[in-house]
Every structure is written in structure tokens, then in C-alpha cells.
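Two complexes follow with chain A in common, the first pairing it with chain B and the second with chain C.
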Partner chain A sequence: MTGDEQHIMRAYDRDLEAIQAMIIKMGGLVEDAIMNGTASLVNRDTELAEKVRAADKSVDDLEELINEEAARTIALRAPVSTDLRIILSVIKIAGSLERVGDYAKNIAKRTSVLAEMRPISGSDGTLKRMAREVQTMLKDTLDAFVRRDEALARDVINRDQDVDQMYNALFREFLTFMMEDPRNITACMHLHFIAKNVERMGDLVTNMAEQIVYLTTGSRPDENRPKGDRTAFMDGVD
Partner chain B sequence: MTGDEQHIMRAYDRDLEAIQAMIIKMGGLVEDAIMNGTASLVNRDTELAEKVRAADKSVDDLEELINEEAARTIALRAPVSTDLRIILSVIKIAGSLERVGDYAKNIAKRTSVLAEMRPISGSDGTLKRMAREVQTMLKDTLDAFVRRDEALARDVINRDQDVDQMYNALFREFLTFMMEDPRNITACMHLHFIAKNVERMGDLVTNMAEQIVYLTTGSRPDENRPKGDRTAFMDGVD
Partner chain C sequence: MVNKVNNMLDDARLKDRTMTGTDIKITARNVQVHYGTSHAIKDLNVDILNNTVTAFIGPSGCGKSTFLRCLNRMNDTIASCRVDGEIKLDSEDIYDKKVDPVQLRAKVGMVFQKPNPFPKSIYDNVAYGPRIHGLARSKADLDDIVEKALRRGAIWDEVKDRLQSPGTGLSGGQQQRLCIARAVATEPEVLLMDEPCSALDPIATAQVEELIDELKQNYSVVIVTHSMQQAARVSQKTAFFHLGNLVEYGETGQIFTNPKDPRTESYISGRIG
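What follows is the complex of A and B.
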């Protein structure tokens, strides 16, 4: 390898490092959004909700920046094989992160609506646990990305079932509350909606983890994972 | 330009054409999935529902093929500027199409559950109209992609509001039905879920249309579009 080639390689590695650092930063912001969005809702904290909404702008901006940097790197360095796979994976992961951020923002947005409704006993705790599980899954996914850790990514994929089970439990709870007292219907419809958002965040994090398995192994995780729609509505369907 | 360069250019154009043809094929399959998924549900046609579920496999396979071909083209042709933007847009559009297909499949999956429940008068018609509107939006988005038609893409973006309004109307209807008679609660929860899925398909098609505006103009559509969460839950929030 000539000195020039080494020099170019290093510049390329720096580009990749920079893009991956942006993903980690974006991921951290989205982790915060998940926790703060849920906390604002559970504590009926409209001020925190407003912060979550404002922070989502930074997440969106970072996605755009990552897309631009990724395109610039491809144009400038013409990467192939693994390097190209990394960049294309980064674009996909950034896209999924942006959507998770959106869901978190939507949860925060409901804070003021929920504040005016009858509290539904018990559901807040389960919602918080679900959100914490998704946040941990996201944290582990980002770690798996940085360390190219296939086993950790696969672990995240498996844990999505726990989130789905929590969702199922909540769904049945809401149904019961609504049947018991029609005055619970409106609040339960909101809470059901929020629970479904958290469950979908789990799906998106799982997609990211699958992308990391692909990144580290070059092939998609096996297709046996029962995807997405493994929720209460489906009892007796699958 | 030398003869060799011309030869290479033509090969590159052929690659691009091939990838775009795959997007159109994938889009057609997803259009079918939207209509057949909704039809299976409305007509409680479990046989058609099964076809929709089976067809989703082809959609997933096409996405993977498009991703591979896109990566191959980047590695082989090292495209820059507009050409690169086309390829990266194609990857994003394929990703959104795959998700729309998933939602359509999920709707089809609920056919057998709904078949066992009390019919909720009127809601089927609105659901069908919503799905038809989303299908038309998708068709126009694919046309806008092929013709690089910015105006048509912007028109699609605007029409997403109609879908949101239909969703809002349905949401209020479901709430009323549930309050009137608790025996409607379970069926209405399912139907609400389905309506929300159709509304989300509209959001994803809108994302694709925004990607086409970006593709044709090089800049993102203005940020004033009230995104995603413009639904009944949000009355009085935004």
C-alpha cells in the first residue's frame, strides 16, 4: 500500500467514524425521548412533554445530516462490500430511529389530554415498564452496533416478545375497565393507543437489531421470528 | 465522451431502469394488498385474507432484491449526485412500501376475528373509502416517481389530510357506539385499530411522496405539513 492509499483509507475511516458517532448521538436523544415522553404522560407533566416535542426537532435534523454525510461518503469514497453495507445500514438505522422518536413525541403530545381524564389504576406502571424495556432494547441495539455484537443484537430481537406480552396484558386490562364502566372508555382508548405506540417502538428497535445482525453476518436473521403483529388482537388468529 | 464511456453509461442506465421497474412492481403488489386486505375484512372473506398474507412474502422478497441491486449498482458504478440520490431514494421508498404491505397484511389477519363479532353499522363503508384513498395516493406516488412529477407528489402530500379526517370521523363513531352499548366495545377496538393502520399507511405513502419531492428538487418539502399525528386523539392538543 502506498502512503497515498493509506492516507485515503484513514480519511475514509474518519468519515465512517463520524457517521457512526452521529448515530450514537441520535440514539441517545431517542432514548431520552422514550423515557421523558412516557414520564411526562404518567406524571401528567406538560412542561416535560413540551421539552420532548422540542427535542424531536434535533432528532429529525440529525437524521437528515446522517443521510447527507452518508451520501457524501459514498460519492467521495466509492465504498464497496462491507464498507458500503455499513453506510447503507446506517441510513436504515437512522430512519428507524427517527420513527421511534416520532412515536415518543406522539406519546408526550397526549399528556395534556390525559391530564383531564379519569386515572385508570395500574396501567401507568405497566406502561412505564414497557417503555423502560424498549429503552433498554434500544440502548443494547446501539451497543451491538458499535461493537458489531451479533449475539447482543439477537438478544434484543428475542426480548421484543416481552414487550408484546406487556402490551397484551394492558389490552385485556383496558377492555375490562371499559366494560366495567363506560366512563372509562375515552381514557382507555387513549391509553390503548399509547400502549400500541410503545409496542411499535419495540418493533422498530427490533428492525434495527435485525439490521445489525445483517451488518455483522451478511445475512438476514432467520425468518422464524413472529413479526410485529403478535398482539392481543391476534389471539386465536395466528 | 469515448465509446467505452458511453457503453458504461448505458449499462448504468439499464441498472437504474431495472431497479425502478422493481419498485413499480413492488408498488403494484402493495396496492393490491391494500385493496384485498380491506376487502377481505369488510366482506369477512377469510380465503382472500389468506391470499394477502401469502402475497406479502413477495413484497418482502422484492424489498430485499431492491436493496441488493441498489448496493450492487453503487459498488459497481460509483454513482454521484443525482444518480446516487435516485438509488438512495429507491432504498427508502422500498422500505416504506414494505411497511405499507405489512399493515395491509395485518388488516387481512383480522378478518377471521372480525367475522365472529357483531357488525358495526356504517364503519365498513368509511374504512373502504379510506383504503381506496390511500391506494390512489400510492398509485399517484408511483406515477410521480416514474415521471419525476413534483406537483403530483405534492398533491399526494396534501391529500393525506383527507385520510386523517376520515379517521377522525371513524374514531368518534366508534367512541359513540361503545358508549351506547358495551357489547360493541371489543369489535370497535378492533375496528379502531384497523382504521389507525389505514391512517398510518397514508402517512407512509406521504413519506414516499416527500422523498420524491426531494428526489426531483434536491430539497425537502417545507416543514409546515402537520405530520402524522393529526388525529382525533389530538383534538384540542395541537
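What follows is the complex of A and C.
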């Protein structure tokens, strides 16, 4: 995982491998949270939603453990060069994963409320596709991390605009539903927050992918990545 | 983007730490060193800056000390050693026949791994160089030179009341700072240090490192060290040597966060290269 060459101190390699294995473990849990959170919403499965909420604790614990291990490695091994970039990257990636986990948990929370309401037809499909896209982006990001695959990381960065576009479409849709029938407002507000959560997950996964570009090349990618969230400029349905 | 942030951080405290020289003090071109048949330095080119600490790092036998000794012609004393190529100090070839190595060494001082004070008083240790080079016109003049050198060596306060005691009676760290004071007493322009802290405890090491940082205001300092952390702490430029080659030479922060050559990466991160 750390390249072909080993450290003369083999315990150093073990430390670095352990901390990266924790990221992969954490990433797997967060992927599950995204899929299960969305499935619970689409299937109105409050039991699954409850499980997603409970599982977030492990994600938080892992982040704390990763930060502790990273601090320890800095203090004891004075990492430089690639080793230093690994440590800096795992700290940032763990922070982003924790936030993605929180958004998934928030989806599960809103699912419990939405399950009691009249269903809003039409948006489930887009939400599901959006969540699947983000989950795939996360999976590819973790693969890029393991394989030190800069090209794959850059590909993930470019895919975020698809997520943004799906969010734009949902934003308009929810506005329309709310204008049609004010009784839809509560449910649509919750659904809009869910869509926004998934859109933010996409941004965080993009940040992780950018961090992997830094990890592999030593410099951050250019700022001008494609951005697709236009909702800040929308003033109504037109 | 970075420029914008730099403007925002327009603060003397931040600027201070990035201050280094830009003038070239020593130029080495196509330098080759042989010990008999063994080729110790292979076609080395480097520019060493004034008012800058330059660290030479690399595994044992890589040629870093050999090259350091070329810079004040210490290799002249080794019969089997042959130096080819060109080394210029302020655009003057130091291997020119007209150059007197003793005069050169007054300009390019050296501090060694083990503190090696002369078996003389603290005062005479420092006064030795200025005396043989005739730098003092009177006793008072010499006193001034000795005090100034001991202050630069950051040891004046510890020894001012016992200048006539033997230099060998000081602690290891004090002895090394005395040797640095002795080296700066002849007003050199370049200070070469070959592992100056490897025989010292961490406190004495920190004192010498602090001193090195101060010395760069007046000199070009070149330090050979086996401690990568020391190179990272004290130097602004780092040169990595491997098997007689200068593999990579660059800004110390860049060498330690993003080295360009895989051999540098392997060495500084403690991997098998």
C-alpha cells in the first residue's frame, strides 16, 4: 500500500499500513451508510433507518482512532515526503468521511419522519441514482487511495458535476410540488434537505479525491474543477 | 491563489523565517575526486549561497565529507587524493596555484565532529588564528577579537571569568562552541561543519543549532549531518549525496515534503534504497 519499497524499520511500515487500513474500513462503513440510508428512505424502512443511525457511532470512533494514530506517528516517527503526505491525507480523508457519515445518518433521521407522511411521487428515482453515483464516487476514491491512482481520483473530481445536476433537477421539482399543493411542503422540505445532503456528500468525496491527487503528486489539483450546483442563483421555477 | 494568501499574510514575523541569501558564494563545476583508483565524487555541480545554511546529507561513504573538505582544500593533505574540476569562492578559483591554502582556510573555517580544542587556555584557543594571521595590532585589539568571537560562539557568558583555564576542561557542548568561536575568530566568509553535533547531548545540540541559525546572518554555513531532522531544522538548502553523486539539491522544505528523485525519497524516509 505504501509503494514498493519498505522502511528499514518494519514497524514503521506496519503503523502506516494499519492507519490506511482504518481509512478503508471507515470508507466501507460510510458506503454502507449511504446505500442503507437511501434504501430506508425509498422503501420507507424505519428499521433500517434506525440501524444506519446506530452504525454512525463506529464511523465516529474510527475517525478518532485515525487521528490518534496519525498524531502518534508524527510524534514518534517524524514522517517526511510521501510518508508525511500519507499522514496529512488520512487525517483530512477521515474528517471528510466522518461528515459524509453524518449526512447519511441525517437522511436516516428524516426517513423516520417521512415514513409517517403521504409519499411524494417521482423524486425517489433521482435521489436513488444520485446516492448511487456518490457511493460509486466514494468507492473509486478509496480504490484510488489504495492504488495511488491519480487518474481515477481526477475522474472522480470530474464526476461531481453529474451529482450537482441531479440536485438542480430535484430542487426545481420540489419547488414545483410545493407550489402545486402546500400540503407537500413539510415532506418536500425534508426531501430537499436529503437531496442537499447527498449533494454535499459529493463535494466531500471530491475533496477526498483532491487529497489523493496531492498524496500521489505532491501538489493540489487546479481550482477550476467543473461545478454544477446552480441553485444559489435560482429565484423560482422558470 | 497562493499569492493572494501571501499578501494577506504580509507580516514581518512570517517573512523573517523565509529570509535567506540569494548571492552565490561558492560555485563548483564538474568536480571529480579520486582517492587512488576509487572515484569518490563524480562530476559534481553546485552553487552554494551566501547567508544560507546548506546541509549535505547522504549515507556513509557517499562523498559528502569529501566534498566538504574540497571547499577549504583539506584534501591537499591526503597524498592519494586528486581533485579535478573547478571550485570558485566569490569567482576566484581556490585550486589556483597562486592561492595559499592557509589563507584560504582563514576565509573558509571548519568545525569538526569531535570538539578538538588545543591544549591551551580558552583565550589562546581563540587567539591562535588571529595571531598567526596577524589580525590584531595590540593586546587590546586581540582581547576585542577574542571577546567578539566567543560572543558569536554563544559561549562568552559561560567562560568570561575563566579565560585562562584550559579549553579542554569545558563540557563537550562548551568545547564545540569554543571550536566554533575559534573558527569565526579569523573572520571567515564560509563556515564548514562536519557533523558538529554528533558527539553532543540534545541540549548542547540545540545550543549549537541555535548558533548555526545566528551564524548564517554573517556567513555561508555548510553542514554535513547524519541527522535528517537536524538538516531539516537548521538548513534552508539541502543537498543529497549518493555513491559520489549529488542526486538532488533544493530548498529544504521541498526536499523533505516532495523530493523529486526516488533515491532521495528512499533515503530521507528511511527506506531501503
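As a convention for this text, the second predicted complex is superposed on the first by the 217 of 238 C-alpha atoms of A that agree within 3 Å, B and C clash if a C-alpha of one lies under 4 Å from a C-alpha of the other, contacts with A are read in each partner's own complex, and residues count from 1 in each chain.
Here, a residue touches a chain if its C-beta (ideal position, glycine included) is under 8 Å from a C-beta of that chain, and two chains touch if they have at least 3 such contacts.
Just so we're clear, the structure is a prediction, and the values are computed from it rather than from any experiment.
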Chain B versus chain C as contact partner of A:218, first or second or both or neither: second
Touched partner set for A:74, first chain B, second chain C, both or neither: first
Which of chain B and chain C A:91 touches, first, second, both or neither: first
Contacts of A:12 with chain B and chain C, given as first, second, both or neither: second
Chain touching more of chain A, residue-wise (chain B, chain C): B
Which of chain B and chain C A:61 touches, first, second, both or neither: neither
Partner chain(s) touched by A:185 [first = chain B, second = chain C, both, neither]: first
Partner chain in contact with A:82 - chain B first, chain C second, else both or neither: second
On chain A, positions contacted by chain B and by chain C: 78-81, 84-85
Residues on chain C engaged by chain A in the complex (per definition of touch): 1, 228-229, 232, 256-259, 265-266, 268-273
Residue numbers on chain A that touch chain C, as the complex places them: 5-9, 12, 78-85, 218-219, 223
Touch list for chain B against partner chain A, complex: 64, 67, 70-71, 74-75, 78-81, 84-85, 88, 91-92, 95, 102, 105-106, 109-110, 112-113, 175, 178-179, 182, 185-186, 189-190, 192-193, 196, 220, 227-229, 233-234, 236-238
